[in-house]
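Here's the structure, in structure tokens; my notes come after.
Per-chain residue numbering starts at 1, and chain names A, B, C, D, E, F, G and H are given in the order in which the chains are listed.
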Amino acid sequence: MNPDDLKALLTNLKNDKLSVDDAMKHLKKLPYENLGFARVDHHRHIRQGFPEVIFCQGKSVEQIKQIIERILACNCNILATRAGAQIYEAVYELNDQAVYNEQAATITIEVNPQKKTKGHILIISAGTSDIPVAEEAQVTAEILGSRTKRLYDVGVAGIHRLLTQETKLIEARVIIVTAGMEGALASVVGGLVDKPIIAVPTSIGYGASLNGLAALFTMLNSCAAGIGVVNIDNGFGAACLAHRINILGEK
Amino acid sequence: MNPDDLKALLTNLKNDKLSVDDAMKHLKKLPYENLGFARVDHHRHIRQGFPEVIFCQGKSVEQIKQIIERILACNCNILATRAGAQIYEAVYELNDQAVYNEQAATITIEVNPQKKTKGHILIISAGTSDIPVAEEAQVTAEILGSRTKRLYDVGVAGIHRLLTQETKLIEARVIIVTAGMEGALASVVGGLVDKPIIAVPTSIGYGASLNGLAALFTMLNSCAAGIGVVNIDNGFGAACLAHRINILGEK
Amino acid sequence: MNPDDLKALLTNLKNDKLSVDDAMKHLKKLPYENLGFARVDHHRHIRQGFPEVIFCQGKSVEQIKQIIERILACNCNILATRAGAQIYEAVYELNDQAVYNEQAATITIEVNPQKKTKGHILIISAGTSDIPVAEEAQVTAEILGSRTKRLYDVGVAGIHRLLTQETKLIEARVIIVTAGMEGALASVVGGLVDKPIIAVPTSIGYGASLNGLAALFTMLNSCAAGIGVVNIDNGFGAACLAHRINILGEK
Amino acid sequence: MNPDDLKALLTNLKNDKLSVDDAMKHLKKLPYENLGFARVDHHRHIRQGFPEVIFCQGKSVEQIKQIIERILACNCNILATRAGAQIYEAVYELNDQAVYNEQAATITIEVNPQKKTKGHILIISAGTSDIPVAEEAQVTAEILGSRTKRLYDVGVAGIHRLLTQETKLIEARVIIVTAGMEGALASVVGGLVDKPIIAVPTSIGYGASLNGLAALFTMLNSCAAGIGVVNIDNGFGAACLAHRINILGEK
Amino acid sequence: MNPDDLKALLTNLKNDKLSVDDAMKHLKKLPYENLGFARVDHHRHIRQGFPEVIFCQGKSVEQIKQIIERILACNCNILATRAGAQIYEAVYELNDQAVYNEQAATITIEVNPQKKTKGHILIISAGTSDIPVAEEAQVTAEILGSRTKRLYDVGVAGIHRLLTQETKLIEARVIIVTAGMEGALASVVGGLVDKPIIAVPTSIGYGASLNGLAALFTMLNSCAAGIGVVNIDNGFGAACLAHRINILGEK
Amino acid sequence: MNPDDLKALLTNLKNDKLSVDDAMKHLKKLPYENLGFARVDHHRHIRQGFPEVIFCQGKSVEQIKQIIERILACNCNILATRAGAQIYEAVYELNDQAVYNEQAATITIEVNPQKKTKGHILIISAGTSDIPVAEEAQVTAEILGSRTKRLYDVGVAGIHRLLTQETKLIEARVIIVTAGMEGALASVVGGLVDKPIIAVPTSIGYGASLNGLAALFTMLNSCAAGIGVVNIDNGFGAACLAHRINILGEK
Amino acid sequence: MNPDDLKALLTNLKNDKLSVDDAMKHLKKLPYENLGFARVDHHRHIRQGFPEVIFCQGKSVEQIKQIIERILACNCNILATRAGAQIYEAVYELNDQAVYNEQAATITIEVNPQKKTKGHILIISAGTSDIPVAEEAQVTAEILGSRTKRLYDVGVAGIHRLLTQETKLIEARVIIVTAGMEGALASVVGGLVDKPIIAVPTSIGYGASLNGLAALFTMLNSCAAGIGVVNIDNGFGAACLAHRINILGEK
Amino acid sequence: MNPDDLKALLTNLKNDKLSVDDAMKHLKKLPYENLGFARVDHHRHIRQGFPEVIFCQGKSVEQIKQIIERILACNCNILATRAGAQIYEAVYELNDQAVYNEQAATITIEVNPQKKTKGHILIISAGTSDIPVAEEAQVTAEILGSRTKRLYDVGVAGIHRLLTQETKLIEARVIIVTAGMEGALASVVGGLVDKPIIAVPTSIGYGASLNGLAALFTMLNSCAAGIGVVNIDNGFGAACLAHRINILGEK
């Protein structure tokens, strides 16, 4: 059940267009539905502004399908992350509106098209190899309802590639910076603008990059203030936070 | 030079109330002033919304005093963090408006009182020992111009202390969570609300807390989305980010 | 040889129903039997309350079969953990009572059905992906003789899923909490009840989860007292400890 | 308020010996009392079997005194850990029943003497240097109401010191093992008995002991099952868990 | 060239049975032979008591074959470690005296049978899974000329398996202990005897075993003195050291 | 566009052999060209002395091909590192001058043969297994324009292999040392000569080598001064630095 | 009781020069004596070839004095390590034969002068700062009965300092190498001789030396075989092992 | 003995102005002088271009004085690093030409003034707190004979402070970048110029800076090629390498 549906239902109840019993029937799935292996959190949409997202890694195709069915039954949009092509095929059989973004490894089903925000989130990648993480952020932000723009491959090894785009930095309401290796880009962007910045370290690199820990620590120690860091490769989480911030600027 | 002064100066120049030479004189300190050991970044106020902040750790009293003098000369507010009592005494001699918050270890001089935001930042501490970090965030947010509220000692060992305060969580525009030891509070708060959350791990704990790294990793791995993490004990950085977010919701 | 058989044998010897020579013959395998590559610890059942358990990882199928044969020859129950399907097939050929739990990756042969405890162990999983570890604990506890109940997918991202189940927490004698990612669930459960809690970090997560180390450190630093932690993914060890505690409450 | 007082109060209310208003007055401090810097969790005694314990490290003497006053006002026993001599002096001024255990660095005030358990907890130390941690466990267990016995300096470098004491291992209901350096003692004890064992790594050692991390990892990887591990030097936590287990065996 | 051949050559030269030119021809390969990708250290046999050993991991089959050909050309014994079956087949084609130990993953060619030492090295494994490392040590020690005995699967989870074998510990001149998981066996053996002990941590374990680092740190922190530690899984290195020690006791 | 072409163009413009419009057309690709997924940094050749190098790991074959096409269009040499055979085949189709070094995993296309330096870089490998990293350095240095010499398999286990080559150390202008395992070779070389030394730790080793971190830390802690360290396995980076140093000695 | 005394006592008993009761009286302290806080292991001398050694760190002066009194009462030599000057003063009051080595921080009381071995242990230090650890090894080896020689400050930054001393390496029976920073000396020595080598990493260094971990890992990864490693700064342990090896070569 | 003196001596010997005996007397201190606790490496000046440098940390004042006396006796310049004020006083008594740089904590005695290089080393610090490390590099480079320039407090939080100084970057022959916290400055500088860059991570920072490890890893993972990294806070080592590079460009 999405928030709009809930509001309508409560209004109908108040205006005597709905009996208490019928209201009960609609609401009985709150706050969650127990599938045995999973408790689908139908209340999350109301509590947190978006429905439960399926993190596919470590779940079987069968489990993913069942969870999606339950969420669709509540007329909510679907976002599944870390989804391989095989999972997409199974989901597509379930619902042919399912869209697959191969680079981002995301599946989306938009049964309730969101009205997009006026302000937008700028998503930056330091290198070409960081793009999959940036794309996960992009897909997530869009399905949550935020407009997004992209600025890819502007890492500090050729800093003029970033500096010539300073206007793009200033036009955004929130900025997501994805960077692997030494992850220095977040600090440089952080020193240029007064926007909230979400930094996403990526696992791109080798040797002393320690699978992304080096970039993570770079970002946490940034001498530029105003940067919030999320887990390595967590484009999804960055977009959730960026969206929550972005909607504060609407109205 | 603060942004209002700059605007006035440029308007005067445009309206022929100021000669180019005089404008030059006022502006010559842009973008920074070289003290030899430090380049005071006078442009930061305009570029980033607040003047350069002095991180006292690792600087001599003499260096700190010189930097503060230069910033005051530009009619800007002062925030100095990680300041011991000895540093405060030296600063107080310089300017008797200097205010010391002992728990936060901050010195503030508010020569330009800020108009406060309507929305506020809620600052939560998990335990009593996390309060110094929370206070650093509180002082920082206030001098930047954000209203703040506090909710202290509501850690997960007695989760009803948090749950009975759920209204306070909902009323805030942004939430800062400071927590040491296992740092689980950020995840719990993150699961309850749809606000942007800034999580600050603290170095409180012992043994396997690894001086705050355990709490840091807890927060980065949070299963609740929408949480941005800053460095261990970095109340200042959390407040900078929270303020940047908070002002998006004004007007 | 299981403890009941040993008691009968000694009673028979005492009552002259058995000659010393015959008793010797039965006991000669104590305290262990040398297979060259393994010393099967037949005494462990008597010393520790349950027979030797076969940890399959790193052993060849042939070695596993030989060890199981020797234990079965002593009329003891079999528990093999971390067993792939291939191993199960080989064991099944040996003994068609062998039961395979695919999620838990365990093989059990219950030649001596245990009388179950009156009190029970509650096994909680934070997410769907943590279930294999929870199931390893469940299978282990049951073959050791403890009754168990399950409560799955009640992680802190939607804490109402746990809070509405508080009665289940109170009814249990011992609680096992399996959680990956940030592992915060153990602290929250620990703050709600006065039961002994065994926390099992799982390797579920990515990036800064460090293959389960983040959850491990969270649990070790828990601000809730009364929590004992076992190795990452060690559902088996958690169940052993939980069972030892559970039987203290019998009689 | 301790559980016995609460029961009496509710009985009086039921039997009309107390007005609702008076009951309200007594209960109003539930579930916690806000001191600003701390929310004293008066409900913890009822919920978890013992009152809030004061971890002194990182708290000011003044804060500690205020928390103790509030707990004493509820007629509950006091346990303060990690308390230096200076803190003891301040607490002693407050209440001259305060007892200081210098090795354990604990302060106790027993206003409500506990009836001790019949079964006992055996507290083992590997070396002389581990005794402070063992003593913290001993003091904690006793004030919670558990009988305890000690077995000190029986580390594996001279394993006969342990083996000659095997009876003591068998007589205990729960065993706490404190060990620093390589921490191997927990595994050896774990292989000898079928009791629940709580292992406490200590920070004793140097170099590759990594301030107790080596002992911690040893204990987590123990090839003996049935061992729950707590944080480095956390004698208090070990005793809490041991006590929860110990009381299961009473009645 | 092995040391005996060198001695004969020099004697012949002295006794005029060999011309200087001919001696030169034989010696010209000293101290090493450059294959471009490898400098075969022919001098090592004389300098260090055994010829160069081929560590196969990271070398191509072709490279391994060329190195072995050069060493065989000097009439020296061959030891190749970390050798897969494929490598063995290639070496066998080269020389059909090549012997493969599958568990140890070693290839040996004994062209100069060694006279074995009178004293022997005892090689202990804690568990069945540690045997491959123990076997690498066994094969190495034997080809170097040391007698060996084995004592496998005597880990501390059932310490009587070790204690009943105490005579075997006393009879050995040097002891190698291989153990994974928590690696406690080395400390226990170290506390029982006054022999030099070489401890080999193995990568057996999971989770907090950190691929053998936990066992490594256990062994380095051993409270029993007289233990030398080698790299994780380094059965070869342990045997080299044990052999060097063992031959001190000959004559 | 390479620096020579740029110089010619500017000279022509100055001498009126080229119109401003035509110059503009040639220069319009400066400073970079946006492919969407990559911003090809055409300016890098001028700014840094060599064109953008393609790090193939994490890029698709299609992306690599497009980037190479754009660089070739500017008449610049190509260096692609970490390139599998499959990538080479695709690049070879594009341009049949492409040369593949299998050990180094590099692809080079030399459309503008460089004049080689008079001084040379000596590239040393400690073992046979370190050669691939050494070769990556060799290929890189040569395409950048430096002469190189090789000295392979001279690790400290047989230090005479190095000492007999001391002349080669003295003849070089810069030395690159690649070494895995304990990485001690860099310190030994550093103690013998007064040349700038670039140390490259390799991931060769096992167990406590921590995938090259052990060698990395060895090199960083070298008691011999004058050693600069690059990332693990980063033969490319070492050669870039060595080349920059080498050309200082020309003229 | 030392082994010689024990032998005499048993001979007297056998030859009827001692009554069983008197023998009992002498032996009653075997195998250990319980001081409450310590179990003095009187049996260790017989079992391990030297009496219990007192590691002073973490013990009170009073505890140290009591342990020394008990060992002296058995007519055994005393070795106390990590002893500050204050401890020495207290021990000196107890027994004025106590000798203090300030650099080594050791106290020795030699009540039973040992006959020294014919072969000797060579103790090498890489730098001047490593000498305290080397001295701890030297004092320990001597009191155990081994002859020692020293070779200090011969680190790899000036390798000729070592190479000119090669004879000293060859003359020794066992070699102890102490080295901090990058710890490369052990590998170089290991490549030069065929002696058993005990490597002791020291905590000398800064930054990436990680308090000795860098040197530790260097030594564990040594490409020279035949090196056993002990804990950081553990000169004592190295000497125990070296002595056990050294005495194998006697007779 | 410095190289010029050596050349003169050999010339005199050749020209019969010096007897072999007298030459012997002058040369007898080659290659080093044994003080017992230190082998002063008199040959290092000839072999490596500068005399032995005294790293004071971990050496006694007496040891430092003796080493300095021996080096001065050879008419060589003195550089002592990590020297506290107390050490300076002792050295000053020895030789009143001794100069102390308090920020750098260095002592220099220039008995043989060096001719300075024409090219210079540019030493950059990211922040004010990094200056002590930068100064150690500056003092070292100057005494070795390199000209230096400084550029302090130009970190990436205000990147215009660096970009406006681009000319200074271009004018230098070698660049040393010192930076703590996230250490991003090295990458940015590395992307701007084609000079050899030596990056020095500093231990400035807190929490996740891990005492400089974060900056170290940032620099090792730099996406800008041509950067050599030295140990944390190792301004001395950076200057040695920079000087070796700088002198290549002379003549």
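Throughout what follows, a residue touches a chain if its C-beta (ideal position, glycine included) is under 8 Å from a C-beta of that chain, and two chains touch if they have at least 3 such contacts.
All values derive from a computational prediction rather than experimental measurement.
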{"item": "Least hop count linking chain A to chain D through chains in contact", "value": "2"}
{"item": "Partner chains that chain D and chain E have in common", "value": "C, G"}
{"item": "More contacts between chains, E-G or C-E", "value": "E-G"}
{"item": "Copy-to-copy rotation for chain A and chain F - C-alpha atoms, rounded to a multiple of 5°", "value": "90"}
{"item": "Shared interface numbering between chain H and chain A [over half = same, under half = different]", "value": "same"}
{"item": "Distance between chain centroids, defined by C-alpha means - chain B, chain C (Å)", "value": "50"}
{"item": "Inter-centroid spacing, chain E versus chain A (mean Cα positions, whole Å)", "value": "55"}
{"item": "Mean-CA-position distance for chain H and chain G (Å)", "value": "39"}
{"item": "Centroid distance [mean C-alpha coordinates] between chain H and chain E, Å", "value": "44"}
{"item": "Chain G residues counted as touching two or more neighbouring chains", "value": "47, 157-158, 191-192, 207-209, 213, 216, 220-221, 225, 231"}
{"item": "Listing of all chain pairs that touch each other, if any do", "value": "A-B, A-C, A-F, A-H, B-C, B-D, B-H, C-D, C-E, D-E, D-G, E-F, E-G, F-G, F-H, G-H"}
{"item": "Residues of chain H that touch chain A when the two form their complex", "value": "126-127, 155-159, 163, 181-184, 187-188, 190-192, 205, 207-210, 213-215, 217-225"}
{"item": "Complex contact set, residues of chain F against chain E", "value": "128-129, 131, 152-154, 157-158, 160-161, 164, 204, 206-209"}
{"item": "Chain A - residues contacting chain B, complex", "value": "47-49, 53, 173, 191-198, 216, 220-221, 225-231, 236-237, 240-241, 244-245, 248-249"}
{"item": "Residues on chain D engaged by chain B in the complex (per definition of touch)", "value": "31-32, 36-39, 41, 43-44, 47, 55, 57-59, 63, 201, 203, 211-213, 216, 231-234"}
